[in-house]
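Two complexes come next, and they have one chain in common, subunit A, joined by subunit B in the first and subunit C in the second.
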Partner chain A sequence: METLLAVENLKTYFFTRDGVVKAVDGVSFSLERGQTLGVVGESGSGKSVTAMSIMRLIKGPQGRVVEGSIHFKGQDVLAMDDEAVRDLRGNRIAMIFQDPMTSLNPVFRVGDQIAESLRVHKGLSKAEAFERAVELLKLVGIPKAEARARDYPHQFSGGMRQRAMIAMALACDPDILIADEPTTALDVTIQAQILELMIELQERTGSAIIMITHDLGVVADMADNVLVMYAGKPVEFGTADEVFYSPLHPYTWGLLDSLPRHDVSEKGELVPIVGQPPSLIDVPPGCAFHPRCPYAREICRTQVPQFRAIEGDHGSACHFSTDPSFRRGTASRTEVTA
Partner chain B sequence: MTDKHIHDPLAEEGHPVKDFRTGVPATPPTEDVPASAIASRSSRTLWGDAWRRLRKNKLAMAGLIWAIIMILVALSADLWVPQRFGDPKYIDTTTVSQRMLLPPSAAHPFGTDRMGRDIFARVVYGSRISLAVGVIAVAIEVVIGLILGAIAAYYGKLWDSVIMRIADVFLAFPYILFAIALIAVMGKGFMNVFIAIGILGWPSIARVFRGSILSVKENEYVDAARALGASDLRIMTRHIMPNAIAPIIVYATMSIGGAILTEAALSFLGMGVQPPTPSWGLMLSDARAFMFTAPWVMIYPGFAILTTVLAFVLLGDGLRDALDVKMKD
Partner chain C sequence: MLKYIARRILQMVPVFFGVTILLFILRAPGVLPGDPIRMITGEKAISPALYQELVKENGLDKPLPVQYVTYLGKLVHGDLGRSYQKDRPVVEIFADKYPNTIRLALAAIVIEIIVGIAAGIISAVKQYSFLDVVVTLSTSVLVSVPVFWLGMMFQVLLGIKLKEWTGGAFYLPMSGMGSPPDLAHLVLPAVTLASVSTAYAARITRSQLLEVMGQDYIRTAVAKGLSDRAVIFKHALKNAMIPVVTFIGLDLGAMMSGAILTETIFNWPGVGLEIYFSIQQRDWPIVMGGVIIVVFAVMLINLIVDISYAFLDPRIRYGGPAK
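Coming up: the complex of A and B.
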């Protein structure tokens, strides 16, 4: 397998008036061709900033990648000049944004917008690019694509716009597709359709996908590997099966407990994670999750846990993950402080 | 006041019923949308669509047609007006007493003024001043306003503060008073009126444009374009400008009316165009003494100001609707 993307100890900080926001604080992962990586976490856990860092879209001067490395096919992304970065964006790595309602420029016809990246990157003529845009719209399942390509975004429904966004992202046949909460703004039935479409297109194009979401259900269907993030740090990494069936970190347990399931009916009630994600300026000492962790002990308040692999690549950043008895359902609770 | 006209695109006559799923006309095109228009859909641009929407707005079209008539008359005046109605400036001192303040007649459709000059000829030549003021003064304010507004929005920080505070200072002065003061410093004259109005008008344009850019810049589609690898220049010209410029077009069109009014006011006060050059404001000023004895001396230039300003305001109002893609039928 060819490693497309290697992110090593990435730290992206924002230097604001109120202090340093450690939005991404030591994230590492690698992505191979045709693979799907699910990045999961609550709002503000650093998922999107990780994606933006890979695309070099972090806006200075406040935001900066302060440490770590990002390599795309062996090339150092952080050292690229502007021209190389522009070639990377859209052409090699494409992004699908969260809100299809606002991610399309309202004054351009949908077809012209899809055509834009083809004109930028492939140097196609206006007519050629438009023709290709129509094909792409067909590919993502827009009926009457020739006519719809000439419509404005406001004439599209939410699901159609997201399809159009996917068409835009696929235009240049990118190696990696970063989908930043691609289904959050859509209703559930459309969500399923869009995910299905992405799976289908991945099979066809063989591109790798980074699926950013706060919804574990979304990654369950799609992801090969799952990275769980909390307060800018990776707390668990493993294959989808490992993370879903033998999760190591109490935060992952919390996420799974708060997920509605149709096969577990004994309790009927969802268990939310208490409290709020911490402010990234003032991250709690020790393990950032300890104020919300029902299993927190003294060491959690004082020492930052290191990320340790437990079995193969499956690992977590919890002091107790090496303890085989400290597992979901068996670990003994302590008092919740938050 | 101009907001009273609310344009409802769905209320338009001949609006084709659409299939709600596909958005294509479900009924055969009516006479309003000929088959050729459907066929040529591909060639339509944003501006083409705006024009199509504008065409449906009767008031805006009336304004546009009136503005075009005014411009054509002003441009062609030398070819037919003096020959038929007499010189707009020349005063024949020997015959003034017989020719002054004649009521409208076949020979003088708008009557004559107290110097025996044909009022129609003076109104026509006055339109040259008014339209020139409208176009040149607004061009000056738009150029200054766009540049400073763009600088303030793009560079932000200190640039933004300095430019916007200067704009505030300009806006804090009473408008006409400031114009009079500027002309008093620069000297009376045709060009100085343009410059004074242009200098006074830029802060509003700069403000509108700055706000417009700032709001457009935050849109996700700008990030999306960046994520697609578009260059800064491309993002600026293709994504930010087209979305930010519509309010400026509308504002500038309406400003033409405002500039015409300001010129008239300045001329009325004797600070604008100087006699014997005909200007509508100046004509009104001259007519004050005969308001009751020879009302035509006042009515026609007043009517000219009213209709011309109204034409541009209506056109601007129509453009606001037409340039809003979301109002598309």
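Coming up: the complex of A and C.
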């Protein structure tokens, strides 16, 4: 297996008037060719900022990667000059964004917008690039692609726009596809179609995918590995099976408990995680999750837990995950403090 | 697209009738002070018989609707009547004056487009830089300065003082101006006329560009690996230009009606000045003819703006839902 992307202790902070927002605070992971990594967490957990950091899309001067490293095929992404970064973007690493309704430029034809990457990165002529754009639209399942390529985004439905975005992302055969909540803005039937399309295209092109989502169902369908994030920090990492069937971190348990299941016949109620995610300017001391954690003890309030591997690569950032009795369903609750 | 243009042209019809009927009502006896026959004869005392003859000759004895229809009938044949005071056909007067107004307006618009949009782009791209501060401050000052004061300052500083200092490199623009005025005479009035609008154009460009630069599709363009130049000048500018084009178009329309202040300060022989004098003198044929010509010019400009707007924004061109 070839390591495509290695992110090491990444910290991306935003220096705002109100204080320092630690949007990403020490994230590490690696991605291999053809693999799918699911990055899960609530809004504001730093998922998108992680992706934007990889693409070098963090806007200065407020936003900065303050620590850590990102290596793509051994090259230091953070040290790249503008030209090298541009060659990376859209060409080696492509991104699909959350809202297809606003992610396409309203004043250019869809086909031209797809063709644009091909002209920039592959040096194709206008006609060649457009022809290829039509093929890509066919590939993502747009009917009458020749005619549709000449349409403007407002003539496309939401699902079709996201298909067009995927076509755009796939145009240059990228090694990595970063999908930032690609289905969130779509209705459920379309969501399933888009995910299926991504899985099918991954099989065909062999690109690695980073799937950013707050939807555990999406992760279960697609991911090989799962990274769970909370308040800018990784709280659990493991294979999809490990994270779903033997989760280590109470936050992951909470996420799983709040997921509706169709395989459990008993009338189980959904258990939400109490409280709100913390402000990233004023992160609680100790474990950031402790005010919402039903198992929090004294040490959680004072000491920041380190991320530790428990079994293979499967690990978590919880003080108690080394304790084999501290597992989902068996751990004893304490009073929730917030 | 053709349907869109046809609809816009059809919308001109009620405007035309509205304007002409309104003008006729204003002209009706007793609405505004001033007797047209007195305008024609001046201070000379005339006999009641001659007075009646002049009334008849000018068709003022007929009921207003009849006069209106007669007027429209002549209008169709390009006859806007004769000036009461100058004893020349109105069409001829405006054929003389209109090119001057157009010349001044176009010069001002060119300045507005080049300086205004460029300043706005620089200001937005280099947000919070020294240049941005310069643009933001100077445009704030410009929009608050009265045009007549600015024009007079130009005359004093560039026309008189600079001549004294440089020994005659510049000259007072209004002196010795023939008709049509030459290019050298055009510079100061055009800069004066363009000043406020240029400042507005720069501010609109800046704010629009900054807003567009924050849109998701700009992030998409950056993530595609495009250069800053392509992102700004291709993806952002075409979107940001839509309101700017509207503003500049409306401004050009306004200038087509003559820039009365600028024309007065620089004694520029344009339609604004002509209509202004005619109103003071109650020279109704010139007022009516002038306003009708101006209305046509403004409607034409607006049509062109609407068409270019559709060219910029496909959502309008195809009549799709504006999201």
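What we mean here is this: the second predicted complex is superposed on the first by the 335 of 338 C-alpha atoms of A that agree within 3 Å, B and C clash if a C-alpha of one lies under 4 Å from a C-alpha of the other, contacts with A are read in each partner's own complex, and residues count from 1 in each chain.
Basically, a contact is a pair of C-beta atoms (placed from the backbone, for glycine too) under 8 Å apart; a residue touches a chain by one contact, two chains touch by 3 or more.
Predicted model, so just to flag it, every value in this text is computed and none were measured.
Placing subunit B and subunit C on a common subunit A by superposition gives a clash between them. Of the two partner chains placed by the overlay, subunit B and subunit C both lie in contact with A:116.
In the overlay built on the shared chain, the residue A:9 is in contact with neither subunit B nor subunit C. After overlaying the two complexes on the shared chain, residue contacts for A:303 are found with neither subunit B nor subunit C.
In the superposed pair of complexes, A:279 makes contact with neither subunit B nor subunit C. Contacts of A:62 after superposition on the shared chain: neither subunit B nor subunit C is touched.
By the document's definition of touching, of the two partners only subunit B reaches A:147; subunit C does not. In the superposition on chain A, A:90 makes contact with both subunit B and subunit C.
Legend: residue contacts after superposition of the two complexes on their common chain; A:99 is shown touching both subunit B and subunit C.
Residues 55, 57, 86-91, 94-95, 97, 99, 102-108, 116-117, 120-121, 152, 154-155, 165, 168 of subunit A lie at the contact with subunit B in one complex and at the contact with subunit C in the other. Residues 55, 57, 85-91, 94-95, 97-99, 102-108, 116-117, 120-121, 143-144, 147-148, 150-152, 154-155, 165, 168 of subunit A touch subunit B in their complex. Residues 215-217, 219-227, 230, 235, 238-239, 312-315, 318, 320-323 of subunit C touch subunit A in their complex. Here subunit A touches subunit C in the complex through residues 55, 57, 86-91, 94-95, 97, 99, 101-108, 116-117, 120-121, 152, 154-155, 165, 168, going by the rule given at the top. The touching residues of subunit B, when paired with subunit A in their complex, are 22-24, 41-42, 44, 46, 219-221, 223-231, 234, 238-239, 242-243, 325-326, 328.
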